[in-house]
Amino acid sequence: MLRQIEGSRAVAETVALCRPEVVCAYPISPQTHIIEAVGVMVKSGELAPCEFINVESEFAAMSVAIGASAAGARAYTATSSQGLLFMMEAVYNAAGLGLPIVMTLANRAIGAPINIWNDHSDAMAVRDAGWIQLFAETNQEAADLHVQAFRLAEELSVPVMVCMDGFILTHAVEGVDMLDQSTVDAFLPPYEPRQVLDPDSPVSIGAMVGPEAFEEVRYLAHLRQLDALDRIPVIAAAFEEATGRRSGGLLSTYRTDDAETIVVALGSVLGTIKDAVDIRREAGERIGVVGITSFRPFPFQAVRDVLCGARQVVVIEKAFSIGFGGVLATDLSLALHGTDCTLRSVVAGLGGRSITRLALEDLFATAARGQLEALTFLDLDHGVVERERERMMATRRSGPSAENILRDLKAPRRVGAKEKS
Amino acid sequence: MTETPFAITLDVGSSRANHTGSWRVERPVYVDRLPPCNNACPAGENIQGWLYEAESGNYEAAWRKLVEENPLPAIMGRICFHPCETACNRVQVDEAVGINAVERFLGDLAIENGWKLPSAGADTGKRILVVGAGPAGLSTTYHLRLLGHQVRLVDSAQKLGGMMRYGIPAYRLPRPVLDAEIARIIAMGVEVQLEHNVVNIDRERTDGGFDAVFLAVGAQLGHRVNIPAGDSTRVLDAVNFLHQVADGDAPMLGRRVVVYGGGDTALDAARTARRLGATEAVIVYRRNQEHMPANGEEFGQALGEGVTMRWLSTVNRFEGDRLILEKMRLNAEGFPEPTGEFEELDADALVLALGQNTDLSLLDQAGDVVVNNGVVEVQPSMMAGASGIFAGGDAVPADRTATVAIGHGKKAAHGIDAFVLGRTPPIVERHELATFERLNTWYYSDAERTVRPELERVRRQSNFDEVVGGLTEENALFEARRCLSCGNCFECDNCFGVCPDNAVIKLGGSKRYEFDYDFCKGCGICVKECPCGAIEMVPERI
Amino acid sequence: MFQVRIHGRGGQGVVTAAEMLSVAAFAEGRHAQAFPSFGSERTGAPVVSYCRIDDREIRTREPVMVPDCVIIQDVTLINQVDLFSGLAPDGYVLVNTSRSFDELGIGDLFNQFHHDHLLTCPATELALEHVGRPLPNAALLGGFAALTHQVTIGAIDTAIRERFLGVVGERNAAAAAEAYKIVMQEEETADAATN
Amino acid sequence: MTTRPVRFYQVGSFAVGNRLLEDGDRTVQSDLNRANSIDSGHRACQGCGEALGARYALDAAMRATNGQMVAVNATGCLEVFSTPYPETSWRIAWLHSLFGNAPAVATGVSAAMRVKGKPEVRVVAQAGDGGTVDIGFGCLSGMFERNDDVLFICYDNEGYMNTGVQRSAATPPAARTATTDAVGPEPGNAFGQGKDLPRLAMAHDIAYVATATVADLHDLEAKVERAMQFRGARYLHILVPCPLGWGSASDDTIHIARLAKETGLFPVFEAEYGKVTSVSHIRRRTPVEEYLSIQRRYAHLFGKKPRTEVIARIQAIADRNIERYGLITDETVGATREVTA
């Protein structure tokens, strides 16, 4: 049923349809609305049987999920940003133990400086943890991906993280076609664990593995992720068959058929990019878009297949590896190795900075002219940066940059007034 | 669940493939050590062994284990001065185990239930003459019968029992008990000859065709000192006095009786005098209480019955109905020295209890028997000479107690057995002593306080009835369970429990334990935590 | 695409207003997207919410920078926030007040915008009257329907009753209905003045 | 004088077993068919108190739950020596996740059992002192506060032994560790305020908190059994001497644990809903020197010039415990009453 609904609410209700048995929650913006809504459903009895556990930290949240999953329960949690980093050790552990936990990551920047707004630094920080990471473009996809995530996770015994942009999606109210219980039940069989804590059939889970077998264990985890590259399209197809809706998959394409320039991005910014692309198309530019849905496992072949015909690939991403550059761009450069395709990396929208259609249009025009640099920071205020660098050179105790910049941003008025007088 | 994730998930118990026993440089081994009670028992009882049975409430089994060594438990449970209790390791924890009381309990229970001694052994055709039917003679008789030898038991008295009958008053040893335990031995098939004085042992032996002789004639003669007295009838000999009382022919003593001496016989005489109507019974002893050889327990009972003491005094002479005493003092070595000071004591009679002597005139013709200081010299096998004459009890150099005599009897029986069968006496190997230091006494429960006063109450009796009561079954069980089982595993499961490596195998059903050396790392906790010191560490052989 | 920006203070239901507006548009079969200004503003702080309404799928995720309508829930914001930033000259302004623009000291606005697109609505008074609490958001949506004709008052009524159940919904809907009437009258008056 | 039934079994109250007792009255450890939750072949040091304590506690829990039990283990010695691939010593359903999260993982298992309709399956979480009082404390406190149905057992060996004997918040004053070496003017661990986990647990008002040592098996097992009678969060703190970290003889493990209790340095008690309900009285009062002097971690106190003032401060800690918990009674051998005055 199509409903005008907040993204968080849509995800919460969809997660509830997946019949999670243990949900652990520790609040962090912008994930809060999701776990609040699930909590209400459990408390009211609408979602039963389910244990909703208010834990004391994200570390505990993931740990409770680990215990529950190992004991054979379908486990779910959600987090963001610092929360994900605080549970980092357990995030790796869940993957290492092969526990099919599903977690929503309401993407948010990582401090310091503390920043509650959206970017993808959090997801990128755990890309090597062994989780499958799926990115949602819209709230519709965010909701749908959760159903697919449980199935994928449980088929492969690998945890899955559904990434949705914090605030931009989680707090946006828009139309979402909500699934019904029978459809989800038909699509998602009950959880059949590969290993379980059972007093009547005891095993030891979580052994210490030394050099003699650790590499094999890790390689097996890698193979499972490669299996996921096969399973993700199959599951998306099954989902389409069950719901009539195309959601998920490894990646999505938009107007790429004859594109000379293809823009690649993750998550909700794809919508704004598509609007900008439409305008550039109207101006005669052959430009298209690829959205990466499955960031881990990374669909090298699928990406290569879709991009290899383009002359130029512009990667727009809301995170970067400090001292190196774009993270997604790095993966793509490997995927494009050996092709004639030029890769341009654009870092944008950090810490919630708006990525506007106008800025994108301008960016694409620059790209079309072949003037885009290898690494660009969209809408970067170079003046502010330069002035702060000068201050840092001038005095060792120049103070914290974040505060300096905020002061600097207000400064022009004062400067102007001074100049007037 | 058929396939679990590789390496991360493991099947239970797989660590047993890892034999940690290879870590060990020392290994624990189970041992049995000699408990101090057993070590101290003159009768050679396996006290810890029969207490072990009694602890479980297996009283008949306990009694049977007891009579393997000593056929007179009901008697000894009354009159033994229990050196076992002095040696008992529990003394260092709280109080000694009441071994003697439990022994009596078992003895009485046996009489009550009519338990019989084991049958005599298969007849060897050997004939043994036992002279004297006191504890040594009865003990020898019993053991000889067990070994299958024929025994003739002769005694000069009217009844069997020797000093147990004629020296120990009935209030300490009721005659039915004495009779019952003697009868049980005689019932094994013994030829008894009473009121028979053996004058010449060689002739007696030859005439009777005996293969060996055991002399257990005791020390029946009271040691006399010369006390100047106007009326010699006022001076009696304690041995005779007690014998007369035992025969029901008590002499008239008067109201004020003085007993001279500091031994058990002195106590017996004084206490008997009280029972015969003496209003005053005073014991005169030349030293002090500290040096008094008499049994402390009975001394206490005597005081309780109104017997009074005159320490550091010797009897100088009788003057009419006054006794003149000389006061003594102890020198640095603890020996009394005369002071030259005198005092008087009113007395109607003086009973001398100054020790006993043995009448060995029957040995005059036995040339190879050596008599020294009035007693017979014997070898470890109790043989007094090469001719097959054995001796024991008060007639040989040793403590003159019934328990010692019983021990002599057993030893002599085995000596005789070896002699008549032409064998070398077996050498009994003794285990290392289970000393207190080897115990871990933490584990033993503290004795509960309610029980002891109850014992005291039972012990409070008076007059000619038996003074000391027996234990109830509950109390006997309690006392038995106070045993520390020194040096001998009593299956407390400590080793089985405290092993961090599960390397002790419990065999169950009183079979004790074994070490699983595949896994024992040799930490030694089992040794340290064994309550009774029945495990020791030994270096691994290289 | 019609874009709305709502200004108010934390606790005044600014976000709910945008959400209800999107629901009203959705109820009429249109695409709508509502979202708050993202931040951690506390009660009383200036807050903004947005709503986009279109006949086709709305893909953009950028904030509303060129609104077609600005709803001002709290006039005390006038001198604190750039309330009319990006508003086109033919844009609509709906102000929650019982006073005139002149009284509020923003008479200049008439010169910048179509004056018949600038209306006031005593939404707080209406809310107090109908609901008993000074929450003007529902009433303002009634005024918005009258001012912009982007949604019908019926759809607003539906959205309000979906958000607030039972009596509360009824009373808010009544406030919206009255606001609708008042603004419609204002509009007629304004039209008359223009013509 | 009243007679009461003789209940005196030679070693009934202290030793592991007693052939004279009914099977049901013996300790779990005396049972031929005990669970042996942690089996032979593990790689713990000779005389390991933790291996022993774990078997004691878990076997008792196995009996109390009729075998329907799952154990969650924090990272640490116990985990490392019990489950090096490809061998596990555990005979029970067992899960190891991380160092600091055992309480939370146990919460998850417990929730799963409830939601799966298997409330009879009980959950025990276990950790060393580091995993309990330091890195695991956040999760532990959360588990307590939510009153999750978990028995959490801390095997306290007073330091990070797995990593080579470093200080934890449970390391006692003056003890030498690799990070509180016996050098400088104040050798060994500083005299801090202490982090008394049993009392912190009690402050959560959870149903059951108890302390125990490997020296008193009967007491330990009774506490596990008692703990299993409650639903909700429970905490059991077991002192497990570490021959390696404490520098004690491998055969002294139980002896030292006993001295810890008898000196008063380790009070043994139990509490329900935040109130102490019973204490194990000192049976033979012992000065702290006897406990300290047989451990090399305190060797610096007993050099050529004994550090009597430091020993006195440690004695003061023992005396404070004795007073706080009333550890001395009239039956205590060597008792002096002034401490309770």
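A few points about this structure:
Just so it is clear, A, B, C and D label the chains in written order, and each chain counts residues from 1 on its own.
Rule of thumb we're sticking to: a residue touches a chain if its C-beta (ideal position, glycine included) is under 8 Å from a C-beta of that chain, and two chains touch if they have at least 3 such contacts.
Please read all numbers here as calculations on a predicted model, not as lab measurements.
Here the chain-to-chain distance from chain B to chain C, counted in touching steps, is 2. The chain pair with the larger count of C-beta pairs in contact, out of A-C and A-B, is A-C. Between the Cα centres of chain A and chain C there is a gap of 34 Å.
Chain centres here are Cα averages; for chain C and chain D they lie 66 Å apart. Rounded to whole angstrom, the centroid-to-centroid distance between chain A and chain B, based on C-alpha atoms, equals 92 Å.
Between the Cα centres of chain B and chain D there is a gap of 48 Å. The multi-chain contact residues of chain D, meaning those touching 2 or more other chains, are 82-83, 85-86, 88, 90-92.
Residues of chain C found to touch two or more other chains are absent.
For chain B, the set of residues touching two or more other chains reads 7, 10-12. Inter-chain contacts occur between A-B, A-C, A-D, B-D. For chain A in complex with chain D, the residues that touch the partner chain are 21-22, 24, 49-51, 53-57, 59-73, 75, 89-90, 93, 97, 197-199, 201-210, 212-213.
By the touch rule above, chain D contacts chain A in their complex via residues 67-70, 72-73, 79-80, 82-86, 88, 90-98, 100-101, 103-117, 121, 138-139, 141-142, 145-146, 148.
Chain B meets chain D in the complex at residues 7, 10-20, 23, 55-56, 442-448, 450-451, 453-454, 457, 474-475, 477-478, 481-485, 490-494, 496-503, 506, 508, 510, 516, 518-519, 521-525, 527-529, 531.
Note for the complex: chain A touches chain C at residues 4, 6, 29-30, 116-118, 165-168, 171-175, 268-272, 274-275, 352, 354-357. The part of chain C that touches chain A in the complex is made up of residues 18-19, 22-23, 26-27, 31-36, 38-40, 58-63, 65.
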